[in-house]
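Listed after this line are the structures, all set down as structure tokens.
Presented sequentially are two complexes of chain A, the first with chain B as partner and the second with chain C.
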Partner chain A sequence: MPILSEFEYFKPSSVREAVRLLSKHKKPAVLAGGTDLINNLKEEIDQPDAVIDIKGIKELSGITYKNGVLTIGAAVTFSELLDSRVIQSRFPVIAEVAKTVGSVGIRNRATMAGNICSAVACADSGPLLAAYEALILVRGSKGKRKVLAAKWFKGNKRTDIKKAELVTAIEIPLPARRHAGCYVKLGRYSGEDLAQASVLILALPGKQYRVALGAVSPVPVRASKIERLLNGQHLSDELIAKCQALIPGLISPITDIRATKEYRSHMCQVMFARGIRAAASRFSGNGPEYGVNLI
Partner chain B sequence: MKKKLSFVLNDRKITLEIAAQEVLLEVLRDKLGVKSPKCGCDRGDCGTCTVLMNGKTVRSCIVLAVEADGQRLTTLEGLMKDGQMTPLQQSFLEHNSFQCGFCAPGVILAATELLERNPKPSGDEIKEAISGNLCRCTGYLPIVEAIANVNNALTPPGRERLGKKVRS
Partner chain C sequence: MNGLKFVGHEEIRIDGKPKITGAAQFVDDLDFGPGLLYAEIVESPLAHAEIKSIDTAKAEQMPGVVKVVSGKDFPFRFGLYMHDRFVFAQDRVRFVGEQVAAVIARDPVTAKKAAKLVKVRYRELPAILNVEDALKPHPLLIHPDLKSYKHVPWFFPQANSNIAHWRKVRKGDVEAGFKQADLVFEDTYTVPRYAHCAIETHGAVGLFDYSGRLTVWAASQSPFTQRNLFAEALAPLGLSHKDVRVIAPFVGGGFGGKAGVSMEILAAALATAVQGNPVKILWSRAQEFYNTYQRQGLTAKTKIGVKKDGAIVALEQTLHWDAGAYVEYGANVVNAAGLSATGPYRIPNVKIDSCCVYTNLPPGGPYRGFGYSEFLFGLESHINETAKKLGLDPVEFRRRNAIQEGDPLTYGSKMNPNGLIECIDKAARAIEWSKKEQSENPKTVRGKGFACFWKAPAMPPNASSTAFIKFNEDGSLNVLVSAMEIGQGFQTVMAQIAAEVLTVPLSKIRVELPDTDRNPYEWQTVASHITWGTGNAVKRAAEDCREQILELVERALGQKREDLYLESETVRSRSVADFALPLRDFAINGIMMKDGTYRGGPIVGRGMFMPEFSSALSDAETSQGGKPNVHYTVGAAAVEIEIDKETGRVRIPRVALAVDVGKAINPGLVRDQVVGGLVQGIATALYEDMRFDAKGRLLNPNFTDYKIPTAMDVPERVIPILVEVAQPDGPYGARGVGEHTMIPAAPMIANAVENALGIRIKSMPITAEKIALAIKSKR
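The block that comes next holds the complex of A and B.
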């Protein structure tokens, strides 16, 4: 299917130039991996007058780790996240999430920044960034700002981005000197599917946990109620059951082509139980290998 | 508005003028006559349009042709050297790994990328690597076998010799 609407294509080499182009055009679209955008162009969901390709901007292409903060440039692909040494060693759950995104040919192009700018409810990066309390770095003509992940997602496909702003990076602070995590994603089959429901758990020292749920609400759900119940407690079957019972009250899943809301809600509880056990045992050093499918 | 771009396609330098909204798959097939990338789902799900960009698989149906400017592209047509198939291609032939062949170019490129990174992949690693390439002839088993046994492929390659072997 050809793209019928015409637009101008730009490949700026600096953020400043990109922001200038964004301000100059009426309906600009930012192109990183294009795995969502090109489909939207074909289907005329997006009809931009300018497409601004950010892959020529050097400062957006790196993964850095400094003073306990991981910075992921907006043009960094999921394949690059998977291959990153610092992510494998300090933030293995990020690699676990990245591995579930599409397939190799998608991951070679798709970016985490693009994932959270498309902001579909089933985006894999959503619960991850919510649990890590990540910051989204945004640059506009009036300067820079940082948005907490919890405030970034405004609804299905809606974010806090303003006109003529560009996401430049995502900052993920290391939550503790030592931590573990687990991402459990339910697809219709293993390999290349969107999430029907997803659960992201972080296990921190002192039996502290963070829990975020994806694809069961228009925006990622940080399950603070569950965290309060878990924190400092021994992880017993009884406690896990109590947490599971809270889940239906925290989410608002929908029934669509991929799953019913009842199934999503039920599976969310199953995945929470498996995820929390896996995260806790990974924290103690004997959990399942990262990347192993738990459902 | 037309844009001039140049890239390396299968070791050959290409320069052409295209409109910004032209999709790479369509430029390859309709303007350059390179027919191994196929149009299947046309939205990045099925993998039949796979090409290598700088050695990495991408879905050419969701890449703008202008994005190829300055890049190195390889399609199935560019894998053979001096008329000789790669050991992976020989293995596909030996294992009779496709029926209609529509998915084969994409699968072979996906497996080429995998073997570059990981010459001895496990069965699970193979399945993961080709999970984005759909085969509707239900031919996955011989595909996985071909990739797993690529090192056992006949060398040096010989199409006739293999052809005889397959027929016998």
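The block that comes next holds the complex of A and C.
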């Protein structure tokens, strides 16, 4: 299917140049992996006057880990996240999330930065970054700023990004020397699918937990209420049931072609119970392998 | 049938290498040079509306646009079994996506841009989006001129209604049957619409040259039927059959979707508007979903009467088919299902009403299974429930009622030889039917499900197949037939049949893809009839070659005709031990006599097969008389499933399907059919589902939301079981098997779900969500 609309194509080699191009054009679009943008161009959902391809910008590539902070460049693909040694050893749940994004072909192109810029409610990166309290690094003509993940998502397909700004990287602080996590994603079958609901759980030392839910609200939901109930407590069936009971009050799932709100809500509870047990047992070193589908 | 050297052997498929290496060419791979034009369709945004005006002026002015055409340029109706479909919409549109006009341009982008400039004014009409609304008293008529439409003699359109065809079957006395029954019960089952989802979308290129010849290259299961329908529809332009040529290169999957004529008519018609230039039309994935054929939706009301001992004494089936805007092909699905809606059971009293109902949804049509998957979902679910109510094992219940050779069919004639009982027993044994499986995981539960199936080819009684076999100088063969290779391995099977008769190895045989100029007539590659029908034609063509060869050797060399036979590409004689004449020595150039003259010449065999015993004529009110079906292929399938009680997800540890193929010409290919068919069938049971909004727009014309299974979703173990009770009129005893491997899947899964959970789900698909929410509401 051809792209009908016309636009100028740029491939800048520096962030500064990219930002300059962004401010120069009325309706620019940023091209990283293109797995959302190209479809939107074909379907005329996006009709930009300029497409700015950031894949040629060296400073946006690469994954670094320094002083307890993981930095993921804006041009880093999900496949690179999956293959990263430092992610596998220190942040394995990031790889667990990456593995559920699309298919191999999609993961070879799609970027996490693109995922949070498209910011659809079912984005897999949403609950992950919310739980990790990640920072989104943004550069504009007036300089840099950092936005906390919780403030980044403003609604379905809406973010905190301002005109002529470019996401340059995502910073994920290591929450503790030792931690574990679990991502459970609801799809309609075992093949690749968009999340109909997702649960991301981090288990930290001292029986501390972080819980985030995806695809059941316009933005990722950090379940602080549940965290307060869990923190410091022994993970009993009773406690889990209490947490499950809180879930419907925290989310606002929709009914659409992919799932009903009843099923999304029900599955959040199921996924929470399985996810929290898996995260806790992973923390103790005996949980299911990362990447195993729990539902 | 011992001593077969090729038939019954697992020969490697001959189309495998070209497909794997990329040598195989598909329609979109063909090069038509710089003169190629591209067409883009202007589609109806409304499900039902009158067309008030079409303004093409702006589009015509766009540079690069060659021509813009619409209904006024092609005021023609066409269709396979009923002439109710239009090349372009005329005074009204009947589904969202229907073709209203087309732009032909020098490149696809210009064509697309210009198509947006065509202005169509509509007056919206109320859209009828389901069967209930279509059948209300005094409905809005979707086809007010239905009465005047030409159709085959075995269709019965109902005047002043939206019923395009009503197949009635009355056998015995159904009311008396219910009276004598110990248990009578009734339920309703629903099946949504489905899409074929072939990996290659539809595409066609048409060229109308200055000699007045129309050639269409199409991704097609039906080149000759297309030629016939193109010639019929375009006859007012002065075209006759001899002028029309259809060439079908390799096809990336059909499943019925590329049978008959759907979008291909556009390539044929548009070519006539731009004489001298080839014009290409290629469907997008979305168009593939909404403007080809869809599998029709079904609401089935099933009422059964049984005796305490398990004998079925009466069955009433009311089948209402959501056939869509045009039923030129789909009405025959309704017909076929109506004639066979008893399933493979011996039932003395039967009443079947199978109604083909127009709606303002996309046209229904052929899809692997041809109606049988749809009615079997309800029937085989109902059979299970009946067994449960009687306290009988569902396999035993089926076994007691299984149809056998000589039993009367719904329309009076007799059932063919078959191994249904053997299939039932073997399928049950393969999954240890009587063993109750306990799940080790407390969150999951296991269940087993069973279903029988049958299906006959649905074809006109005179559907024919023809074959030519041409010998070459080196003794190699070109087999010319016009069936289509759609993944089933038909080329390999035809080569095996020719090889068996002529003792020529497969490495020396090419089976050519269809070209209506070069290859002889074939009705269509549908109905699972190719191995049987075309196989018979190829066998006869090979025998014709053999007769010519032996006759020549007798005539030229004085060998005794009755002693001659073929062995390893050589003519031998039972009476003259050292006589050995290789075929390559004379197959083209004949045999030289002592005086230097020659006898013989190029060996060309001809074979034809038409089932001359078949007739579609029968009583309109009862369907008695006639013999509309040539034979049934029967079988049984059994599955073990594991359900996660919290998520509703279904895992399939093992599934078995036993089918009586008569004779497996290539057992490996048949087993592959079993795997492929089951996967496709299980997908309709668990995942797939077409959804429309309140305006009749398809909500999921894409693979994001129309879920076909991936490699991760297939059963863990598939056990194909081939039963061989010979079909007397089949080549080496073979009968069809292609569609059958899919059709028991849905009820088999539904029955397993019921067995595991005690929950009967009566609407397809049986998604994880449906199961989980049903478990929740049961608590």
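Everything below uses one rule, namely that the second predicted complex is superposed on the first by the 295 of 295 C-alpha atoms of A that agree within 3 Å, B and C clash if a C-alpha of one lies under 4 Å from a C-alpha of the other, contacts with A are read in each partner's own complex, and residues count from 1 in each chain.
By our rule, a contact is a pair of C-beta atoms (placed from the backbone, for glycine too) under 8 Å apart; a residue touches a chain by one contact, two chains touch by 3 or more.
Keep in mind that what you see is a predicted model, and the values were worked out from it rather than measured.
Student: Give the label of whichever partner, chain B or chain C, reaches more residues of chain A.
Tutor: Per-residue touch count on chain A favours B.
Student: Taking the superposition on A as described, I'd like to know which of chain B and chain C A:E192 touches: first, second, both or neither.
Tutor: both
Student: One more residue to check, A:I38. First (chain B), second (chain C), both or neither?
Tutor: A:I38 sits against chain B, while chain C stays out of touch.
Student: Going by the contact rule set out at the top, does A:R20 touch chain B (first), chain C (second), both, or neither?
Tutor: neither
Student: Pick one for A:K157: touches chain B only (first), chain C only (second), both, or neither.
Tutor: In the superposed model, A:K157 contacts neither chain B nor chain C.
Student: Touch test for A:V51: chain B only (first), chain C only (second), both, or neither?
Tutor: Only chain B; A:V51 stays clear of chain C.
Student: Have a look at where A:K225 lands relative to chain B and chain C in the superposition and call it first, second, both or neither.
Tutor: After superposing on A, A:K225 lies clear of both chain B and chain C.
Student: Given the touch rule stated above, what does A:R109 touch, chain B (first), chain C (second), both, or neither?
Tutor: The answer is first: A:R109 touches chain B but not chain C.
Student: State whether A:R145 touches chain B only (first), chain C only (second), both chains, or neither.
Tutor: neither
Student: Of the partners chain B and chain C, which touch A:F7 in the superposed model: first, second, both, neither?
Tutor: Only chain B; A:F7 stays clear of chain C.
Student: If I apply the document's touch criterion, which positions on chain A are contacted by chain B in one structure and by chain C in the other?
Tutor: 1-2, 4, 190-192
Student: Please output the residues of chain C touching chain A within their complex, sorted ascending.
Tutor: 108-109, 112-113, 284, 644, 646-647, 649, 686-687, 691, 699-700, 704-705, 707, 709-713, 767-769, 772-773, 776
Student: Under the touch definition given earlier, write down the residues of chain B that touch chain A in their complex.
Tutor: For chain B paired with chain A, touching residues are 1, 3, 19-23, 26, 42-45, 47, 50, 53, 56-59, 61-64, 66-67, 69, 110, 113-114, 127-129, 131-133.
Student: Show which residues of chain A lie in contact with chain B when the two form their complex.
Tutor: 1-9, 11, 31, 34-35, 38-39, 41-42, 51, 53, 55, 79, 102-106, 108-109, 190-192
Student: Would you tell me which residues of chain A are touching chain C in their complex?
Tutor: Within the complex, chain A touches chain C at residues 1-2, 4, 188-194, 257-260, 262-263, 266-267, 270, 295.
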